[in-house]
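The letters A, B and C name the chains in turn, as written, and every chain counts its residues from 1.
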Amino acid sequence: MRRYLLTGILIAIVLTYPILTMGSPVHQRLGALVLLAAVGASAWNLLGGYAGPISVGHAVFFGAGAYAAIAGYTHFGLPPIAGAPIGALVAVSIAALIGVPTLRLSGHYFSMATIAVAELTRVLVTNWEFVGGAQGISGPAVPRTFLDLSFISAMPYYYLFLAVLGALLFLTWRIENSKIGFYLRAIKDSERAARSLGVAAGRYKLYAYMLSAGFTAIAGSLYATMFGFVDPESGVGILISVKMLIMAALGGTGMLFGPLVGALILVPLEEMSNSLLGGKGAGLTFVVYGAIIVIIARFLPGGLLPLLIPYFQAKGEEIKRAEVNRAA
Amino acid sequence: MLRRGSAYSAFVAALMTFALPGPAGAQDTVKIGAIYPLSGNAASAGNFSKAAIELAADIVNNAHPELKDIPLAEGQGLPGLKGAKVTVIFADNQGTPAAGQNQALRLITEEKVHALIGAYQSGITVTTSAMAERHGIPFITPESVAANLTERGFKWFFRTTPVAGDFARAYSAFIREQKAAGQKADTIAVVNENTEYGNSVASVIREVFAKDGLNITQVIPYSANTTDVQPQVLQMKEKNPDVVIFISYTSDAILYAKTMKDLNWKPSILIADNAGFNDPSFVSSSGALVEGLINRSSFAIGKPGSVSALVNAMYKKKTGHDLDDPSARAMQGFLTMAEAINRAGSTDPAKIQAALRATDLKANQVVTGYNGVKFDEKGQNILASSLITQLKSSVYIPVWPKDKAVATVQLPYKGW
Amino acid sequence: MSSILLQVIVSGLLIGAVYALFASGLTLIWGMMNVINFAHGDFVMLAMYTAFVVWTAFGGGPLASIPIAAAVLATIGVLSYFLLVRHVMRGPMIAQILGTFGLALLLRYSAFWYFGSNFRTLPDDILGPPFVFGDIRIDAPRLLAGTLGLVLTVLLHLLLTRTALGSRMLAVSEDATAAQLMGIRPERMQAIAWGLSAASAGVAGALIATFFYTSPTVGETLVIIAFVTVAFGGFGSVPGALLAGLIIGVLEALSAYWIGPVYKDVVVYTLFVLVLWTRPQGLMGKV
């Protein structure tokens, strides 16, 4: 029973967090930011964590979603969120297009190719007037209807992102426990062996890539809706790709809640170190940030979650044993 | 016995209410938040602006009678708020629109700032000021020039700096004047770095020049933070335009200066638009290579003993560098905000907003070279203006317009 | 051929040789240990600051700063190996990305904190006036950087292929366990590889400092060029890095000149991606 109590408490906190933090808008917003980052990192995880290929160019898909949302507003007067399905479609198409030749590449070559494609896209976007070029484009300055999803409070954003994350994690969980999940794990372990057993590795990697791309684009659209502005650096910059990746890595790739754990650590870390140290201008925020990442990488190369799971498992065993002893 | 005791207690209680903090508005400090790039690529400029704002706060909070007509310089603190001092709380926008907005929220809801200034990069000012608008906090941008910032229908947003259109008109008038005086200026090349700043200024220059009949023959956008600009300079060497207008950040400005010397080419008139070429790092590292460079600035050191010279001396003492244009504009933005708060006599946002709308500073009341500060209904300072300056021995001297010139312009461009 | 075109190509070759130099250091550890080093660009940045300090502290030019920067960076490289890399290598590839990215941030912002955000440059004429060959002007710093870059890359290749130390290092990259059975200590070889890699970044940085600006965030731009050069040339291949560096340098310069500077990156990246798609091992990498 106590096992379920812990999970129950966690779920209750997650569901009521914005209400608990109503007195502190900064903390409330932090919750929304964590969830948004978790959506992106979990989307990345579909490919990098479960199927194996480490993409350092997912910013292309993020940008597709962000730009589709704002461009939809700027050129057609649509509410930004309406751009989400369009962005996802564009992202999935790009993934299908470049996925075929790129997924054939192994390991580091694949990563480098994704970087190149992302940087290429960034330069092209910088010179494309339709999306504002280097100056970027802005969403609605003042919300016109509820659909513009422009809120003062972070609470609606929190629940929106929570819903999307929930859907994504549910989908990931279903895939994890399905035939496709087994195939992907086999491919990640040893592609050659999987192929020799008849697994159509290329096809499944492509599916993972496309799914990952689609959800990353949705994260991009959500970002654009909340912040109301996108330009080449904030939409397709390399830092976006890297952040998704390190969040998943920090928490634990290939695990359902890994990216969320990573986001739970990195996003507050970044925000709080900036708030505490940023104003002095000595860049200390990033020294701290970098040092912590180095320390975690050094001592926990597998990420944080694998460390925590045995701990929880042990706790679970302890509780079970205690119950058994009491019953005896 | 009891009655006297309770009367006595009541009397003491009544006395004590005077010791309690008064109603909101009669604060001991006024808090202004400043969001600037203190890390990342624009950190150099951001940190110079930070120093300028700190100096401005010092001017307001302490007695500086030597600064004569500058409002609030003479005494200590804000007389309209019973001598309350102004505190500036800085935040780093890290060069991203997201961080700028997050920090704005923190400054507003946790630090409880009464007003905000920033955020240097136009894209970041978009998101940062949106947060201020939502919370009803007055926001001044002292240096972001993107046109759309004042087109959003915002009620709490104000801009003290001139915008790209003003610069373009100044350049146009300057070039036409030189032409009339016999200087060759038939072909013009525009070289701009390809981020929002460079692009927006370049496109406005092209519009204005076309209207004024000036002939732009080459347009060379390039990626900022590039490693090699030889091909660009070679392109120009080939076509040999009379006038070149550069719009670059500091790092590229340094590269161009060096490369032009290496490839031994210079135009007759070299105009550099602000940003990089105004950065003290550029002037100290490459000033000797670009003697005679034309720049535009809203700040000129001016004659010894003038307000601007005194302010420059204070800044130099603080940072070791002369006051540069963007930092001077940051300073003016802060001073404008402080002056408005003082006139409002309160830290109530709506009163500050009303005071800002009624701002009417004259030319002698501003540190920068503006004709004054007066906001139109969109929040734009219609009296903002620029000077054209020329680099002589690593110092920028105003040479245009004639009524503000300290020296005559020396053409053609000397370089190294 | 017009003299301007020739000038463009020459300038492309010269900068390409510098790309080759710091890419070859990167490709060495990449090939040997299968590690991506996100901090490589920041190694170059630290070397540039070292050159700047050498100049301001006692007026030393490149002749002094090159060996000093090489030594300083070699130390940093070896330290990074023992304190961080050795441990993250035990984890998945992604842990290496995490670790070296954190290292990059740490180095970058420590430099920022210590030196400040201002741009620094060395005096323009630190090596004297430009060399003039007919219509071609080559400034001394770039000429030095290009030639030295070329020479050192070749030397590095010879070290790896012709010396006993080199064979030991290559043995470890082929099969670390087998090498261990032969009496070679893999960790020592890997540490040396890191030291060499960082030293090559050190020399490259000291060379670049003579004609390029120094600032804490320079590494960001340089590391992507390094990655592309390495992948283009083929992971683990120093000759590949050299060839790739030169090609990229010339290609960048030509595209900037013919099409326009903003598109030079587009051309390089497109070519890069196309090559990978058709020849996944890069120009000279092993399949």
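Throughout what follows, contacts are C-beta pairs under 8 Å (C-beta built on N, C-alpha and C of every residue); 3 or more make two chains touch, one makes a residue touch a chain.
Since the structure is predicted, the reported quantities are computational estimates derived from the model, not experimental observations.
With chains reduced to the mean position of their C-alpha atoms, the one farthest from subunit A is B. Just count the C-beta contacts per chain pair and the biggest one is A-C.
If you average the Cα atoms of subunit A and of subunit B, the two centres end up 37 Å apart. The centroid of the Cα atoms in subunit A and the matching centroid in subunit C are 32 Å apart.
Centre-to-centre, using mean CA coordinates, subunit B is 38 Å away from subunit C.
Contact of a single residue of subunit A with at least two other chains is seen at positions 123, 126-127, 281, 283, 285-286.
Annotation for subunit C: residues 109, 112, 117, 216, 262, 265 touch two or more other chains. Multi-chain contact residues, meaning those touching two or more other chains, occur in subunit B at positions 39, 43, 46-47, 194, 221, 223. Contact residues on subunit C toward subunit A in their complex (touch as defined above): 30, 34, 36, 83-84, 87-88, 90-99, 101-110, 112-113, 117, 216, 224, 227-228, 230-231, 235, 262-263, 265-266, 269-270, 272-273, 276-277, 280-282.
By the touch criterion given at the top, residues 48, 54, 56, 101-102, 104-109, 111-113, 115-117, 119-120, 123-124, 126-127, 238, 242, 245-246, 248-250, 253, 281-287, 289-299, 301-303 of subunit A touch subunit C in their complex.
Note for the complex: subunit C touches subunit B at residues 4, 7-8, 11, 15, 109, 112, 116-121, 124, 130, 137, 139, 142, 211-213, 215-217, 221-222, 225, 252-254, 256-257, 260-262, 264-265. Across the complex, subunit A is touched by residues 38-39, 43, 46-47, 50, 89-92, 94-99, 101-103, 105-106, 109-110, 122-123, 126-127, 130, 133-135, 146, 148, 152-154, 194-196, 198-200, 221, 223 of subunit B. Residue ranges on subunit B touching subunit C, taken from their complex, read 39-41, 43-44, 46-47, 194, 220-223, 225-232, 234-235, 237-238, 250-251, 254-255, 258, 261-264, 279-282, 285-286, 288-289.
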